[in-house]
Each structure stands twice: as structure tokens, then as C-alpha cells.
């Protein structure tokens, strides 16, 4: 009955193509729209397309809800808009979409949070000179993100993957006149390339293994493969690891996490949309999407889990010492993404998606809230110059507080449910060490987020009286999304996302039993973190400095972000640049290749010097040559 | 009767062709070429292709050669001047190669078995020609010729006009 | 007729036909010169030649005698071969064209069916077109051979003019051919039987219009007589000709004019078919109808000469290329569409 | 006309005309005459087509002749326009005068 409804075949394409249409209009007629001085026109067009997409996504979800029992999902290629994209021998890639519970959850996040952030941008970017291109980029990003989550096969997903990477680059470097912004854009782009190489190689392995790149085909066939135990390096493991490398790049996991904190150079709504809620979760989405594949390889799962846990812990520790409000949030994002991978690694894919879903809400809320704070502070991002903003910008404060409670995991906020389930998953997988790491990270999370909250909104204002005078609440277009997201952060935890998406993963039923004491322990650690922050940053404000001095080596390690950037920089300078210069450039290019090419050219020149004498310029001489050729050919034919 | 006519026209054609080449005056060459074309038209008729025979007259004699004569008169072309030792080597080489070519092809012709069946029911009427010309095999080529001719017209105008 | 082989009958009939047609045409030529001069004179309120014989009817004979006995002149710088050959080419092409045109309805005699036509070709109209395209050579040769700038200019003008108008002439045929589905002129005539509303002059009116104008230009009659425009080019391509050669060129021109008139009768005015239905077929023989129509057209030619001024050269060219040819092409498109739809 | 030798003789005639035309290209220096010699060669080829068409009893050869004629007409139009342009620029029609396109 569902499949017979013709609308269901068309609507996903409309969802996908609406933002593209918005982008096209803005890109083509941008100059014309700009002519209107008051122009909110561009923003309204962009908001409308995404809101319409969101409405259609809701419709699709409701239609699909009746079909949750079946794992197949709906594959849309023909008959309406799909077409054969690549066809080369046995290699077929149809331009098809896949609509199943997982992708529906994703498009709800992308279009829902996306449209809120579009609306928020109306206020936040109101004074920017290049609003039109900003909104066209946002729309283009939404299109690619939707293509990524709706794509029915890996290559289609890959197109979206690269597309969001491009948009991310454009938006990080949106204020391209600032050197640090364009450098951050390039850094994101280059680091992502490394991950993308892994993704492409992974796709090659997958194709070799399954003979198809269709996501449903992979999911169906993966179960038939022999499971590869810990330590074995079979094709499934290699494919899984390579694909995970791609996920690391996109989702900022060790060792490719270095670009995300720098990406905060972009406008804050962009950070909220791309670098917190949607694009950076693409890696989690992909791993979850390929859950049947990962499930067959213990090694790959272990690597995912360990990398996730390590990233979570490392990013949380770095966040402890950051003073830039957005950087704290950026490291928090990296940390939470690590959490999601930890969930994947212990086999709780549904929980990972659940956390992705809740995280999208509260992290978008936090970023937008920080944007509102920055807006209020006229661009100041350093927490040490804030304080006591609670009374001046109350709406921002209350929504921000809701976000903090959500990420810390206090009942009934969303983070409580998803984080709790992740820890439960780790416990049930008998990974005690990972469980311990997760629990400790939860404590750290609660601590640094409370520190952020207290330093910003409590105490007394430290930014000087003139700045204090300018502090003002944000316009309604910014506060509206904040309120909606705050309500969402408080309530979406009650949705049973893991059960909704479970059919997609085709895994054996979960035998894990419920652990009664776990929620109490988790809440306790969160409360402990908050209490510690309250003590250190509101009661004994002299203590943090002294602790820092006492633990100087640790502190400098955190502040240097574990020296990743130094090592990469050194490697790039010494090996890549130096090696390229002395070997590739001086020896290979100049000596070998240029030498060969020039030598060839020189030898041809001497040959041509003689040969060009044949070009007499006399027509009849040419005619004679033609005739001679005819005679020769005829003679050869006669003779043979 | 037909055979006699064929040889008469063949000899006429060859004689006139030689005159085309041997003349120094281009206008005479043109007149001789017209004669050759008319002889060929007659031979086409004798070979049972009235359509091609007529076309030969209309297109070659009636259009192309008029154009040649027109240009010759417009430019008032004079006899070729005789200049001593002009391209003797080229001429000798050309003569030699032409002779070799004719000898080679002649050898092929003379060696070949006289095989042609000369199919009894040879219908080369205009209607038949039209049917073949407008069959799917040749239709697109036929349509393409119209484009060719149009571009030739435009090209000719652009080339020959002093200022556009 | 018994005792003769088929071939001998054919040869005999052909000879008789050729003699008949040539004789009639020569008679018509001399008659035409007289009629034209008299009619023109009347149109200009003059009398014209009326002294030689009754009503001046012997004037053509006198002209002939004069031309026969005049001295043959050839310019010293003329190209001898071409100068001598030009009138021959002109008259030969003129008479060749005549060969494929029918002059009357078929009739029965000696137990055989006869057609007043020298050669009944399958591709008759195409052949006619081919021959008429050769007609320009006589004039071009004459103009070039005399080595006289007026002659050369006349020859060039004539070549360009005939070249241009031959296109519209040929295109005007196409509609007629499409309707009849045949190149045979007799078939085309037969399609127009039954009444004047079947005549191509009505059915193919645009083609008729194009043909009339292009035919005038093709035979270089006023208002298209630029190749021999007296006031500009002395006498055009035949400036240097005299005596019998002049007569031959003149004859070729008149024969061409008659051919064009006969062709118009056949293609557009229903040939030998009476235009009025219900007339007893035996009452007036087809040949009479035919002659009457040809005579009418010839009269129109003379009438035009007496009435219209001459075109300017550039007007002539742009009219031919920019008006007549597009008109003819449009007519072909429309006709082809109608024929294709009717066949479906 | 069905004598078997006929085709051979028609082809021989074609060959002779072709040879004469080719020779003319080398003997003459006037661009227009050379052009006419090329036309002569084209006609020789046409004759061969018609003869073969007759021998095979199919009309394809004649259709080909039709296309050759069309191309020849187009070629003549453009070629003679070029000749006029040449005469206008260089005031001569001697082929050897046009040898700018050399080393």
C-alpha cells in the first residue's frame, strides 16, 4: 500500500532538489536580488526551500512509520527521476535514493536543524555584505547533505560527501579576507582529502568483495560472509578500516581531528549546522549505514571503539583549558563524536544514531547560543572577558543552560538518555576499560561545559565597562530557534530512536540486559563534574590557577593539543615539502622529466629542420606527392 | 548502333580532354571541357542512365562551367605565358607518374575477367533514383548536401565580395 | 506502310517530324518578326512596314534577301573559332529544346498512334531544362569572341541573368511536376484536362507567375533585355555580328521565345485541351486550341515590349534572387505538403 | 549495350580521362585551368561509377555520382570565389606565385 502511493516515489526527490533549486536561483540571480538594499530576499528564499524540505521530510517519516517492521526500506531509482548514472561493463551505479528509517532520521535532522539555523542566520548575518552567497552556500550544503544521507549507493553517497566538504571549505573560509579563515578552510579541505582517499579505496574493496556498491546489496550480502575474528586482516576488515579512515576525516577523529577546531573561523551558524549537527556526523552515519559490514570484523569494530574512546577523552581534556567559547564547543563536538564511534565500536549502532540525533539538537543549541553571546559581546569570543551575562541576555542564558544540562546528561534532558545507552552498550559488550573511559569523559564533559556556563553567565563582567554597556539581547529571528532547540533538547530523549532504526542494521536481537545502577552512576558523575566546576569557578576562583601550576606538564600538553599540529607541521615541512623540493622537483622534474622532454623536443627540432624543406609551398609539388602516393599504393596492391 | 555511338563519343571525349590540357588559353580549355562533359553525358545516356545524363548537363555544363566561363571573362584571363625552363623537372615527373598510374590501372583492367553481368532488368528511371535517394540509407546524406551547398554559397559570397 | 521494318518507319517518321517542326518554326520566326514590328508600330500610333507586298506581308522575305547578300564582317582582333561557332551553338541549343515538346493531341493514322513531338522522353522536362541551360553558351561565346567591350559586357550580363533566372524557372517547374508525378510533358498536359480550373495557371498560380517572369528574363525580352540594351551596350553580344550570322542569332532568340510560349501553354494553360467543358470534342481540334494559346502568349510578349520600361541591372538581380526564388520555394513547399497529405 | 567488353571500355575511357586530367595539373600553371583539370578527373571517376553501377545492376553508383556532382558544384562555387580573391590580391593566376605557405 505504501509503495503504490505514487507520491512516495516523488517526494524524496523533491526534498533533495528543493535546496538545489534555491541554490541555483541564488547563484544565478544573486546580483539581481542584491539590488534590493533591504534584501532579506535571499535569506527568505533559502529558508523557504529548507523549510519546505523539512515539511516534506516530516510527511515522509509519517508515511514510513507504518513500514518500520520491514528492513528493506524504499529504494528509489526509476521510474520518476532516477537514471543510470554510471554503466561500465559489470559496474553499474544507478542514481538512486534509499529511504529507510535511518535515512529518514538523518533527513529530519538535516532539514529540521538546518531550517532553524537558516532562520537564525537571517538575524545573525543581517549585516554581512555577502549574505546572498552565504545563503546560496547554505542551500547547496543542505542539498549535498541530503544527497549524502539519501544516496542509495556508495558512489552517490560519495558525491554528497565531497559536496558537503566543498561547502564546508567555502563556509569556513567565508570571511576570506581574514588570513586565518582561509587557512582554516584549506586545512579542513586538505585533511578531509586524506580521509576521502581512504573512503575511495574502501569503496574499491567493497566492490571487490560484494560486486556491488548498492547499500542494500551490501547490507544483504554482508551477513553471508564469514565473520573475521580479532587479529585477522581479511578483506572485510581492510574495507572497514579504510572506510573508517574516511569517517575519521569527515568526523574529526584521531588522527584527522585537527581541522575541526580551526573550522570555528567560519560564521557561528555554520559551525552549528556543519561542524556540529550535520556534516561531521556523516562519518557516524556511514559507519552505522554499513553496520552489517562492520559487524563481520572484530578488528575493525575494535579499532572504531578504541579510536572513538581515545578521541572522546583527548578532546575532553583539551576542552578543559580552552578559553575561546567556540573552541570549547568545537572540542566538545569532537569528544561527542568520539562517543558516537565508541557506540558503533561496541556494536550499539542504533544508540550511536540516537546520540547523533540528540547531539544535533543540543550542540546546535549550544553553538547558536554561543553565537548569541558573541553577538551580544560584539564579536568577542574570549570567555575571560565575559561573565555575569545571565541578567543581561536572559533568553540566551536559559536556553544555553538547557543545552549544558543536556550535554552533561541530566534527566530529563536528551543527553541523559543517549549517553546512558552508550555506556550501557559498552558495559554489555564487556569492554570495562572503554566503559571506564566513557564514564570519566562524561564527568569531564559535565565539568568543562559547566565551566563554560559559569565563566560566561555568572560572576561579574570582566570585559571593561564600555563593552558592558553594549551588551544586548539578540533579535527574535535568533532567539526563536534557540527556544525551539532548547525544547527539543529537553524532550527528544524520549523518542525511541534505537528501536526505530534497528531493522536497518540487520543485527541479531540485542541480548543485553538492563543494568539498574548505571543511570545513577552516570548522573552522579555528571553532577560531580558540575559541582566541581561550581566550586572551582564560582567559589574558589583562585584554585584553577594553582592547580594549573601544580600540574604544569599536563596543562601544557592540553594547551598544545597533544602536539598533533606540531607533528603534522614538522612532517609536512620536512618530509613533504623538503622531499618534494630536493627529490621530486630538483632531481625528478627538472633533471629527468624536463631533460627527457627537452631532449626529445630538441631531437625533433633537428629532424623537423630537415623535413620542413618538403614544404615547398608550390601546390603542384603537393599534387605530385599525392600522385606519387597513389602510384605507390597501387603498385603495392598490384605487387602483392 | 549504340556501340558505334559509344566509340564516337569516347574518341571525342578523349580528344577534347587532351585539348583541355594542351591549350594555353584557358577559355579554349573551358570550351573543350564543356565538350568533354557533353560527350560524357551522351555516354551516360548510352549506359542507360538518363537521369544522370541530364543531371550532367544541368549541373556541370549548365551551371559549373558557366561559372568557370563567367570568372574567366570577368578576370579577362590571358593565355599562359611561355617561360623558358619553367618547372621542367616537375612536368617530367608528373608526366612519368601519370603514365605509371595509367599503366598500373590499365594492367588491372586488362587482367580482369570481363565479368559484369550487365543485369538485364536495369531500371535507372528517375522514379527509381528518387526512391533510392530518399531511402533511409541516403536521406541524411541528401539532407546534409543542402547544408553543404548553403555553406558553400555563404563561403563564396564572403570570399568574393570586396567588402561585406 | 507494309514492307517497311519498324526501324525504317521510326526513321521516316522522325525525319518527317523534324522537317515539319523546323519548317513551322522557321515560318513562325519570319512571321513573328513582321507581326512584332507591325504590332509595336500600332501601339505607338505608327504604321510599321507596309510597303513590301500587300500590307507589307513580304517584308520578312525582303529582310531575308537583304541579310543573305550583306557582307560578312569579322573584327580583326576577334577570336575566329568562337566567333564563327557562337551562332551555331545558339541555334543548335534553341532547336534541340524544341525536340521534346508536344504540339498537339495524339491522333491515329496509318494504324498507329502519333504524337506531334519529335522525341517523347521520359525525362522530357528535365531534358528541356538541361538544354535551355546550355543556351547561355551561344551568347557568352558571341560576346567574348568579338573582343569588344560592349559585347563582353553584354555576354557577362546575359550569363549572370540567365544563371539567376534559370533557377526560378526550374523551381517553378517543380510544383507542376509534383502535381503530375511525371517529367513527361504529355502527362502534365493530360493532368489539366477537363476545364480551365484544372489548369496549372490556376492551381499553381504562384508557379505560373514565377514562370512568366523568369521566362521573360530567360529569353531576354523587355523588360529584361539588358544583355542587348541599345542605349547602354550598343547592341550587346551581337554588336559585331552582321549578315547571316546575325540572322542566326536573331532566329535563335525568336525560337527560344516560341519554345517558352509553347512550354507555357503545355505546362500551365492546359496544352491542347479546351478550357471550357461540354464543348464537343470534334468541334474544334486540339491543335487549334493549342495554337490559339501559343499565339496569345506571343502577343503578350510583344505587348510587354511595347509597354514596359527596362529594369536596372541591380534591381534585376535582387528581384530574381530575393523575390522570385523564395516565392518559388514557398510554392514548392506548399505543393509538396498538399500532395503528401492528399496521398495519405 | 550489354556486350561484356563494354564495361571494360568505359572504364578504360575513365582511366584515360583521369590520366589526362592528372597530367593537366602538372602541365598548366593557370589556377583556373588546373581547377578544370580537377573537374575532369572528377568526371572520370563519375564515369567509372556509372559503368560499375550498370555492371552490377544497382543504382548505388548513380546515387554516388549525384553526390559527387553536388560536391563539385559547391567546390566550384567556393573555389572560383577564392580564385577571384586571389586575382584581386596578387593580380595573377599563376599557381607558382602563391607559395607563401612554405617553411
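Residue numbering begins at 1 within each chain, and the chains themselves are lettered A, B, C and D in the order written.
The criterion applied here is as follows: contacts are C-beta pairs under 8 Å (C-beta built on N, C-alpha and C of every residue); 3 or more make two chains touch, one makes a residue touch a chain.
This one's a predicted model, so the numbers in the text were calculated from it and none came from an experiment.
Should one ask which of B-C and A-D has more C-beta pairs in contact, the pair is B-C. One finds 29 Å separating the Cα centroids of chain B and chain C. Chain centres here are Cα means. That of chain A falls 71 Å from that of chain D.
For this pair, chain A with chain B, the centres built from the Cα atoms lie 74 Å apart.
Centroid to centroid, with C-alpha atoms defining each point, chain B and chain D lie 5 Å apart.
The set of chain A residues that touch two or more partner chains comprises 618, 620, 623-624, 627.
The residues of chain B that reach two or more other chains are 51, 63, 67, 74, 87, 90, 93-94, 98, 101, 105, listed in rising order. Within chain C, contacts with two or more other chains are made by no residue at all. Applying the touch criterion to all chain pairs gives A-B, A-D, B-C, B-D. Chain B meets chain D in the complex at residues 2-3, 6-7, 10, 13-14, 17-18, 20-23, 26, 29-30, 33, 36-37, 40, 43-44, 46-49, 51-52, 55-56, 59-60, 63-64, 67-68, 71-72, 74-75, 77, 80, 86-87, 90-91, 93-95, 98-99, 101-102, 105-106, 109, 112, 114-122, 124, 128-129, 132-133, 138, 141, 145, 148-149, 151-153, 155-160, 162.
Contact residues of chain C toward chain B in the complex are 79, 81-82, 121-123, 126-127, 129-131, 133-134, 136-137, 140-141, 143-144, 152, 155-156, 159-160, 163, 166, 183. Contact residues on chain D toward chain B in their complex (touch as defined above): 1-13, 15-30, 32-33, 35-37, 39-40, 43, 46-47, 50-51, 53-57, 59-60, 62-63, 65-67, 69-78, 80-85, 87-88, 93, 96. Note for the complex: chain D touches chain A at residues 22, 25-26, 34, 95-96, 98-103. The touching residues of chain B, when paired with chain C in their complex, are 27-28, 31, 34, 50-51, 54, 57-58, 61-63, 66-67, 69-70, 73-74, 125-126.
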